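Down below are the structures I want you to see.
In what follows, chain A forms one complex with chain B and a second complex with chain C.
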Partner chain A sequence: MIDSTISLSKIVKKFDATPVLRNVDLNIESGEFLTLVGPSGCGKSTLLRIIAGLEMQDTGSVFIGGRSVDHLRPKQRDVAMVFQSYALYPHMTVAENITMPLLMQRMSFAQRFPVMGRWVPGSQHIQKNIRKEVETVAEHLHIEKLLERKPGQLSGGQRQRVALGRAMVRRPLAFLMDEPLSNLDARLRVKMRTELAELHQRLGTTFIYVTHDQVEAMTMSKRIAVMMDGEIVQLGTPDEVYNDPQDIRVAQFIGSPPINILPGEVNSAGNLSLFGVECRYRINGSNQKNVKIGVRPEDLQISEFKVGLIERGGLRGWLRRLENLGNEYIAHIDMDCDDGHWQIAVRFPPEELNGIGQPGAAVNIFLNEAKIFVFSETGDRLSGEAMLQSAVEKAS
Partner chain B sequence: MATPFRSSNADSDVLLNKAKTTPAGGARLFKRIGAHTALLIMAAIVLLPFIWMLMTSLKDPTEIFDTPFSLRFDWEKGVENYIGAFNAVPMITFMINGTVVVLGILMVQLVTSIGAAYALAKIEFRGKSILFAFVVFALCIPVQVPALPLYLGLANLGLLNTYFALMFPWFLSAFAIFLFRQFFKSFPDEIISAARLDGFTEFEIVTRLVLPSAKPAIAAFSIFSITAHWNDLYWPLIVINTVDYMTPPLGMMYFRDAEAGTNYGMLMAAAAIITTPLLLMFLFAQRQFIQGITMTGFK
Partner chain C sequence: MNEVSDTARFSTMEEPNIVEIRRIIQKRASITGYAFAFPATLLLAVIILLPIAIVIFLSATDYTLGALNWSFVGLTNYEKLLSDAVFWRSIKNTFLYVVIVVPGSVGLAFLLALLVHERVHTKRLYEIIFFLPVTGTLVAMAIVWQFLLHSRVGPVNLLLLENGFERIGFFTDPNLAMISLAMIGIWQLIGFNLILFLAGLAAIPKDIYDAAALDGVDGGIDKLARITWPLLGPTTMFVTITTSITAFQVFDTVAVLTKGGPRGSTDVLLYQAYLEGFQYFEIGYAACLTLVFLTFILLLSLVQVRFFDKRVHY
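Showing the complex of A and B:
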C-alpha cells in the first residue's frame, strides 16, 4: 500500500508582519479523511496552499508520504486540490480540463506544444491512452455527456464534478479540498457530501477537507481539526470535539444553536456558583475566581415558573421567543442578574413543552452539572467534576 | 473603466423605454432628435477633413480651390490621381515598409509586455511594487525625451536607415505593460494555482490560460499601436533619409516636396490610399476593440 501520510511540523506563516499560521502541527494518516474546520480567515486555505506547495511556509516542514517536500514544486508533490471557485480552465472544454493534468504529467514540453507537438515521437500514443482514462473518470462522475461543453455552460453542481474529475484523473497521493461545496445550494450540498464520502471510500486516498461549516465537519469525517486564529486548537473525533471541547472557541464554534456561555464564580473550596446559586460542581486545583461556564442548549432543562423550584437550584428567566422546529423546540430566555443581562437558548423535545409558550412568561432553568464545561477567563478548559446529589446533601 | 460605457448604455435604454411609454412621449422624442442632431454635427466636424480629402482626390486641380465643396466630381481625373499617386512615388514600397514596421513593433511589444505584465500581475517577487512604479513613471515620459540619445546610439552603431532603427525605440511599451497588467489582475488566482498544481509551466499558464481571456485587451492595444506607428512621422523623419525605408507618412512628405508639390488631387489620393488599411483594420476589429477598452473581462 502506498504511503500517503501527511505531516506538518511547526508550520509558521506570516503575511508581511501578520501571523496567519502559528506553529501548526498535524499528522494525517494514510487514507484518512480529515476535516479542517474553522471560521473564515483563520488560515485554512493558507495551510492547504502550503501543503500543496503553492505558498512557502516561513519555518517548519511538510512531509508527504514520509518524505520532506519543502524543496518540491507543486506538481512534484503529487497532491490534487479542489478549489471553492472550482477554478476550471475557462476556455477549454470539460474534456480538455480533465485531460490537462495527464497531458502535463506524461508528455514532455515539446510533445505537448500546441499543434507542433503532434509530430514529436510518442505523443499520439500517449494522447490515445489519456483520452481513455478521461472517459473512465467522466463516467464515474456521470459527466460523460458534458465532455464537449465549456465551463461557462455548466451548472454549479456540474462544475463541481468536473473539478473533482480533474483532481482524480491523475490519481494523486492526496486530495486537498478547499470548501468545495460552499458555492452549491443547500440540497445539492447534502447530496455531494455523501458522494464525496463515497468517493473517499472508493479511492482510499488521503483527503484533507476544509470547511467553515461545522455541520459538514461533524458529518463527514472520523477526525476533525478545529482551527482558530492560525492554530489547531483541538484535534479529535466529532464526538470529542462536541462533548469535550478543550477551548472555549471550539465550544462556541461547534454546535447550533451555539453553546451558552455564562459567568461563574469559584469559591476558595473550588465550588462553582452561577448567578449566585451554588452548583453541584467542583473545580480541581485551580485558583481561578471568575470562570466561564459553557452549557449546550440541550443540557439545560426548562419548566414553568414555580417559586418552590428556585429553592431547589432553579434559575429564573423570562421567555423571549419559542421556535418550533417540529421535532424539537428552542426557547430563547432572557436572564437578568447583578452582572447584567444574559440570553440563553434551551433545546428540548416537544414532550417537555407542558405549559411553556407565553412570551414574557417567567420560566425556571435547571442546569445539568454533569454536562457543563468550565473555562478560565482566557478560554482554557478547567477540569472539575459534578458532585452527586447525595454528596452535596451530605456536605450541607 | 467599464462603468462609463455601461451606464451610458443603460441611460439611453431608459430614455428609449420612457419615450415609448410615458404620455409626455412627444417631448421626449423632441429631446432625442435634438441629441442626435448635436451628435451628427459633431461627427460631421470630426469627419470633415477626411471627407474633404476624399473629395479633393476626385477633382480637377482647377476646381479644388474654386469650389472646394462642390459635389461635382471628375471621375476620370480621380482615377488618374490614384494611378498617379502609385506611379509618382514608390507607394507600394512605403506601404510595405509601414506594414513591416508596425507588425515588427507590435510583435516585440506583445512579447515583452505580456511577459512583464503577467509577472507584475500574478507573480510574487521582491521589488515588484517599485518595478510597477517605474512602469507608471515611464508612462509619463514623452517620446521626445529619449529621442536624442537613441538617435546618437543608432548613428554610432551605423544603424540609421534600417527597419531596426524605425522599430527599436518602441519595442518596450509602458502603456502595454500597464494595460495588460490591469487586465491580467482580474484573472482568477485559483485558476493559476490549479494550473501550477497540474504541472503547467508559467509560460503555458500565460499562453494557454491567460492570453485567451485577454484577447479583447490585445486587440485594443494592437489597434492603438498599429495606428500610432503607421501614422508616426516624427521618428521616421529622424532616422530615415532614403526612399527605400520610408514609411507612408514620411513618403507623403517626400512626395509633396519632390513630385507633386502643387498637385493636391494626387496628394490627397495618396493620403486616402495610406489611410485605407487602418480603416479596414478598425472595421474588422471594432467589436474586440470596444470590448478591450471598456475592459469587460470575464467572470
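Showing the complex of A and C:
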C-alpha cells in the first residue's frame, strides 16, 4: 500500500507581521478524509497552500508520504488541488484542461512544443495514451460529452467536475480541496457532497477538505480539525466535536442554531448556578468564580409557564418568536436577570409544543445538566459532572 | 347607483379599457423614448456623420479654398489620385511606418509589461516613467528628438564621431528618415500599450497560476506560452488595432521634423492631405485623400468590432 500520510509539524506562517498560522501540528493518515473547518480568515487556505507548496511556511515542516517536501516545488509534491474558483484554464477546452497535468508530466519540452512537438519521436504515442486516460476520467465524472467545450460554456457544477477531473487524472497521493462546493447552489452542493465522499471511497487516497460550512464538515468525514485564529483547536470525530467541545469557540462554531452561552457562577464548593438558580452540577477542582455555560438548543426543555415549576429548578423566560421547521420547532426566548438581557434558542419536536406559541407569553426553561458544557472566562473547557437525576426528568 | 350595477359595469368595461390604456401608454413611452434619444442622435449626426458627408461631397468637386466658382467633377479627383506617383509613395511610406511601429510598440510593451508586472514596490514608478511620453505633447517632444538626432550638432552623432564611427543622418538620409520617425513613434506609444498590457495581466486570476504550478506549468516559457500569452489574446488584439489606427494617423513628427523629406521619403498620407488642402488649397483633392485615410481606419475598426463580437470572452 502506498504511503500517503500527510504530517505537519509546528507550521508557523506570518504575512508581514500578522501571524496567520501559529504552530500547527496535524497528522493525517493514509487514505483518510479529513475536514478542516473554521470561520473565514482563520488560515485554512494558507495551510492548504503550504501543503501544496504554493506558499512557503516560515518555520516547521511538511511531510507527504513520509518524506519531507519542504524543498520540493508544487508539481513535485504529488498532490492535486481543487480551488474554490475552480481555476480552470479559460482558453482551453475541457479535454485540454484535464490533459494539462499529464502533458507536463510525461512529455519532454520538445515533445510538448506547440505544433512542432508532434514530430518529436514518441510524442504521438504518449498523446494517444493521455487521451485515453482523459476520456476514462471524463466518463467517471460524466463529463465525456463536454470534452470539447470551453469552461465559459459550462455550468458551475460541470466546472466543478472538470476541476476534479484535472486533479484526478494524475492519480496524486493526496487531494487538497479548498471550499470546492461553496460556489454551487444548495441542492447541487448536497449532491456533490455525496459524490465526493464516494469518490474518496473509490480512490482510497488522502483527502484534505477545507470548508467554512460546519454542516459539510459534520457530514463528510470521520475526522474534523476545527481551526480558529491560525490554530487547530480540536481534532476529533464529528461526534466528539459536537458533544465534547474542548473550547468555547468550537462549541459556538459547530451546531445550528448555535449553542446558547449563559453566565454561570461557581461557589466555593464547586456548585454551579445559573441566573441565581442552583444547578445540579459540580465543577471539578477549579477556582473559577464566573464561568460560561454552553447548552445546545436541543438540550433545553421548554414548557408553558407554571409558578410551581420555578420551585423545581425551572427558569422563567418570555417567548419572542417561534420558528416552525416542519419536523421541529425553534423557540427564541428572552431571559432577563440581574446582570442583563439574554436570548436563548430552544429546539424541540412538534409533540412538545403543548400550547406554546403566543409571543410574549411566559415559559419555563429546564436545563439538562448532563448535557451542558462549562467553560472558563477565557474559553477553556472545565471538567465537571452532573449530580443525581436531571431537572428535566424531574419536571416531566 | 347601487353597488351591484357599479361592479357589473366595471367588469364589462374592464377589458377594452385595459387594452386601450396599454396602447396609449406604449405610444407615449415610445414618443418619450425618441425624445430622449433625439439630442444624442442630433449630436452624432452633426459632429460625425455630417462632416463625413461633406468630405464625400467635396471629393467630387474641384473646389479650391476661397474660390468663388466650383463645379462637380465626378470621379476625376479619384482618377488623378490613382495615377499620382506622390499618392502611391505616401501610401507606401505610411504602411512602412505602420509595419515598423505596430510590432515594435506592441511587442516591446508586452515584454516590458511582463517585467514591470513582476515588480512589487517599483511598479507604479515604472508605469509613470513609461507613460511620460504619452502625456508629453508630441510636437514638443519632437523638437527634443530633433536636437538629439541632429546630423551635425546632435549628441548622438557627436558620440558616434568621438568613438570613431561615421555620422548618421537620421533625418537627412532618405533610407533612414522613415525608420527614425518610426522609432520616435514606438517610443511614444509604448507607455500607453504598456498600461493596457499591465491591466490585462492584472486581470488574470492568480489561482490559474497556482493551478498551473501544481500541474507542472511552472517554467518561464511554459507559463508564458500556455497561460499568459493566450489569456492576453484579447488585450493584444485590442492593443494591436488601436496602435495600428494611431500609427496610421502619423503626422506631427513628419510635419515638425522632416516635412515629408528628404526626397519625399517620409511623405505620409495625412501629410499629403494636409499639403493639398492647406498649402495648395486643393480642397477637392485633399478630401479625396482624406477619404482614403478614413477607409483604412474604418477597415481597422471593423476588424476590431468583428473580433470582439465573435470572440468568446473568457
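Note that in this section the second predicted complex is superposed on the first by the 388 of 396 C-alpha atoms of A that agree within 3 Å, B and C clash if a C-alpha of one lies under 4 Å from a C-alpha of the other, contacts with A are read in each partner's own complex, and residues count from 1 in each chain.
We take it that a residue touches a chain if its C-beta (ideal position, glycine included) is under 8 Å from a C-beta of that chain, and two chains touch if they have at least 3 such contacts.
Owing to the predicted nature of the structure, the values given are computational and were not obtained by experimental measurement.
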| item | value |
| --- | --- |
| Clash-or-fit label for the pair chain B, chain C on chain A | clash |
| Partner chain(s) touched by A:V79 [first = chain B, second = chain C, both, neither] | both |
| Touching partner for A:Q105 - first (chain B), second (chain C), both, neither | both |
| Partner chain in contact with A:H341 - chain B first, chain C second, else both or neither | neither |
| Partner chain(s) touched by A:K150 [first = chain B, second = chain C, both, neither] | second |
| Contacts of A:R67 with chain B and chain C, given as first, second, both or neither | neither |
| First (chain B), second (chain C), both or neither touched by A:R187 | neither |
| Chain B versus chain C as contact partner of A:K132, first or second or both or neither | neither |
| Shared chain A contacts, counted only where both chain B and chain C touch the same residue | 49, 52-54, 73-75, 79-81, 83, 85, 87-91, 100-101, 104-105, 114, 166 |
| Touching residues (chain side chain C, partner chain A) in the complex | 205, 207-208, 210-218, 222, 225-227, 230-231, 233, 312-314 |
| Touching residues on chain A, where the partner in the complex is chain C | 49, 52-54, 73-75, 79-81, 83, 85, 87-91, 100-101, 104-105, 114, 150-153, 166 |
| Chain A residues within the chain B interface of the complex | 49, 52-54, 73-75, 79-81, 83-85, 87-91, 100-101, 104-105, 109, 114, 166 |
| Residue ranges of chain B in contact with chain A within the complex | 188, 190-191, 193-201, 204, 208-209, 212-213, 298 |
